[in-house]
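One chain, chain A, links the two complexes that follow: it is found with chain B in the first and with chain C in the second.
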Partner chain A sequence: MALSIEMTQGDIHVTLTLSGDVDTKTAPELLSKLTALELHALEQLRIDLQGVEFVSSAGLRAIIFAKQKMPHSSSLYLVGPSDQIVETITKTGLAQAVVIVQSTEEI
Partner chain B sequence: MNDQGIEAELGKIEAPASMDCWEEFMNFAGAQIESNVHDQSRAYKLRLAFEELISNIIRASAEFTSSNNLKPVTLKVATLKKSDSSHDYFIIRTEDDGPMFDPKFGERESVDTDQPVHERQIGGLGLFLIQQSVDLVSYKWLNGKNTYELSTLDHPNPQ
Partner chain C sequence: MEFERIDNLPTDTIAGFRVRPGKPLPFGVSSVPGGLNFSVYTSAGTSCTLVVYSRSEQVALGEIRVPDHYRIGDVYSIVVYGLDYEDVEYGFRIDGPFAPEEGHRFNVDNILMDPYARVLSGRDEWGVEPDWSKAYQYRSRVAFDDFDWEGDSPLEINDADLVVYEMHVRSFTQSDSSGVKFKGTYAGITEKIPYLKSLGINAVELMPIFEFDEFENSRIHPDTGERLYNYWGYSTVAFFAPKAGFAASGKFGMQVDEFKQLVKELHKAGIEVILDVVFNHTAEGNERGPSISFKGLDNKIYYMLTPDGYYFNFSGTGNTLNCNNPVVRNLVLDCLRYWASEYHIDGFRFDLASILGRDPWGAPLSNPPLLESLAFDPILSSCKLIAEAWDAGGLYQVGTFPAFGRWSEWNGKYRDTARKYLKGDEAQVGEMAQRVQGSPDLYEWNGRSPATSINFITCHDGFTLADLVSFNNKHNEANGENNCDGGDDNHSWNCGAEGWTEDIGVRSLRTRQSMNALSILMTSRGTPMLLMGDEFGRSQHGNNNAYCIDSPISWVDWTLLDNNKQLFDLTQALIHFRHKHPCLRVNSFSHSGGGGMPSCSFHGRTPWQVDWSAESRQLAWLMTCDDAAHGQMDAVYVATNMAHYATWFDLPGLPEGYSWSLCFNTGDSVSPHMNNPAPFNENGILVGERSVVIFNASPRET
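Now for the complex of A and B:
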């Protein structure tokens, strides 16, 4: 399934709203969007996964890339991932580096 | 798994191991998993393992053929049902005629999931996820081909 990415800019945060699958074929699009952001100066990044059914290691690598480029004090929120995606994130140890919330109201 | 079990092929597909055929492989596996693995969590994990495996095979094949000016590697994917004395398995088997690559699944060190993300290498997650996502994973070099099997226990549909 194709991936679509919508970007919105808030006062202190950027939100990427994803829809589709983040796999080997589509993850480069996410990486490209992330690379275009001023990650080193970003206080908060929200990646909305409510419309995402599948994330492979290629997608996780893009998320790790973003977190590595962001300041230590910054926050990376994953919004609304499915149970299966949360399980993959937890299994790979990425859960320690991100904040998982079910909706933006929790932020 | 007991190699003496009864095995039946359900479907197969063969195409160049290239990103041009990515959808072909994923659509085939997706439809086969949907029809044959009724537990949603197991189906998702098998899809994940297959995606990681195919990604590795295509990447390795592309590196090999481009650096040696060779014809594309051929990748065959088959799905099977296998029953032994105690279990039924749904299996995805891949065969490719690319360079031998034994991932040594049984001997691999686990990813250090406690390592801070800022110290992480970008990579190494794919093979880890393959191992973690299926009940059995195997590799053999058979008839000059890399042969992988991803096996998941087949549970009847509770509905």
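Now for the complex of A and C:
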């Protein structure tokens, strides 16, 4: 399934709304969207995964890459990830890099 | 702004890939700006081709013949640009002579795994039968360094303070009764960390987790029709790669992260991670086995060969890695350094380690260079190095393993003596006294210390503790070898009936014998090791060699934890008792003791007098030290009676101001351990038949 990524700019944050699957083929698109942001100066990044079923290891690594580029004081929210995505990032130890919320109201 | 490197550009285009000459070190694959550096060693190969795949595709993306001028010495290296790190898989074709009688087995049609592969695909999910038609079964992949360790580093707990817990990753939580979500995996162990912490152990020793193939020599049981596996995994495919089939996330290729997460969480709980590593042989077998990597890269370098090119078999499994060849030695060293630095591993236990001390023709070396290199390596300097100090070729080196002041040993003599003493064999008291004080007969003469001795009564090889007291003979029918496999020298005793019984007397004796074993183990000097599940009576139904069994026979049955709560409580209390009493953990044979008493002394029914005769089945020991942290003396007195009748022991006297408190009595079937031991006002104690009592000295209330 193809991936579409929509970007919106808030006052202090950027939101990427994803729909489709982030698999081996589409993960590079996510990575290039992320690298195009001014990550080193970004205070808050929200990645909306409500329209995503599956994120491959390459997609997760792209997200971790973004967090590592952002300032230490910054936050990276994953909005509405599926149970399977939450399980994978929990058991592989990637969960502490991100904040998981069900919807943007919780932020 | 960021500057782009301009000194790292492709010089050639081969098969459509942009490439340049690579760096020979490090071996394997490493990332350079814009590309990946591949490096592989072959001394007798005549050409090298890098074969590149996309993860999901069967057909190669391309084959890059490495130009001869890219070779330095015996190493081919090449940088390839523009590969997708996440997706790429690779292997090598090496050309050269096929002349087995000269030791060469090159085959350019075969695609070989990188011996330095950090991640492997092809066995991503446990027990899923591979597609055998694939020419290249174990594809090398690229690992990432982006794991967030959150400031973790190896724990460096003193050897003498360790309580080791040996476990098999899959067996520990595969049973539904484990109650974990990710059964049989690294993540499953992570879920069980609160349990391990409450038990009180502070190191886990994991049976092999280097990538192996559970389908190696897999077969169907002739009678039961069940599939038998290479379940334990003592047969390495890739020394640098964690087993994907042990990771719940293996099908996503994330086993590296999942295993690192396990190590990090264990460390947070104060638990070290020791890996059981198998360097004595590989999964390539003998001349009839597959050519996965080493055979096709440089057979003559990596294996010990007979003069006519056959494989020496000191490991009992087909081949023997040529560990004291300098190239192989460096591979072992690189591997351990990688696990210590990249995975924060705290120690290694070497399977059949005596092989590592043999020269290329099999003769034992007096000063084996590999063992010396490991002992003095700067990166491994705080890692535990533990030898299984024997091999399948008849070399038995418990007490004489070349230790270089660093190596400790699985003390097979502790196991055998403790088992014989426990079941009341004649003439064991003298040797038991040696074992209890850390085996000075084995380790004092050469300047080693009590913690050199890893004390154990059970391990994965042989009976579990519950089976040790329930079976006189092995019952290995499930292994499909007509009960011919597995050792016969078990020194076990079934307590009156073979296997399962309703006889209350037999059952209570078995419980007591288990408690006796654990009591002796936890009050001996040296480093104690428990086998997973022994703390609550795990059984393999008499199977003493379940190396091939992926079934409830091998899996820990967690319902036993409730059924045998008393045994668990006792084990937990004994471990906490050991942590609390420094006199049990003294790590010197020349220690001067505490309270004016010797560091370790032996007693019988009368203090300071031991009946050393062959008929004697009573031994007591008193251990002491000054406990500086609490400004007092620490002393523990243990009396063991392995006779079939109760025996009175007079208690040794204590310095002014101290009195004995009874902490454990395995002969008390209602409460074998006391939660709040009160001062003991008698001069002695009647120790029941086949029972152990443990006292500690406490300052008298004034």
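Operating definition for what follows: the second predicted complex is superposed on the first by the 107 of 107 C-alpha atoms of A that agree within 3 Å, B and C clash if a C-alpha of one lies under 4 Å from a C-alpha of the other, contacts with A are read in each partner's own complex, and residues count from 1 in each chain.
Note that in this section contacts are C-beta pairs under 8 Å (C-beta built on N, C-alpha and C of every residue); 3 or more make two chains touch, one makes a residue touch a chain.
The structure presented is a predicted model; accordingly, all values stated were derived computationally and were not measured.
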item: Touching partner for A:Pro28 - first (chain B), second (chain C), both, neither; value: second
item: Contacts of A:Gln84 with chain B and chain C, given as first, second, both or neither; value: first
item: First, second, both or neither for A:Gln9, with chain B first and chain C second; value: neither
item: First (chain B), second (chain C), both or neither touched by A:Ser73; value: neither
item: Between chain B and chain C, more extensive residue contact with chain A; value: B
item: Which of chain B and chain C A:Leu94 touches, first, second, both or neither; value: both
item: On chain A, the residue positions that both chain B and chain C contact, one per complex; value: 24, 56-58, 60-61, 64-65, 68, 87-88, 91-94, 96-97
item: Residue numbers on chain B that touch chain A, as the complex places them; value: 19, 22-23, 26, 40-41, 44-45, 47-48, 51-52, 54-55, 58, 111-118, 120, 122-123, 125-126, 128-129, 132
item: List of chain A residues in touch with chain C within their complex; value: 24, 27-28, 56-58, 60-61, 64-65, 68, 87-88, 91-94, 96-97
item: Complex interface listing, chain A residues touching chain B; value: 23-25, 54, 56-58, 60-61, 64-65, 67-68, 72, 83-84, 87-88, 91-94, 96-97
item: Complex interface listing, chain C residues touching chain A; value: 55-56, 84, 86-87, 144, 146-148, 150, 181-182, 185-187, 190, 248-249, 252-254, 257-258, 260-261, 264
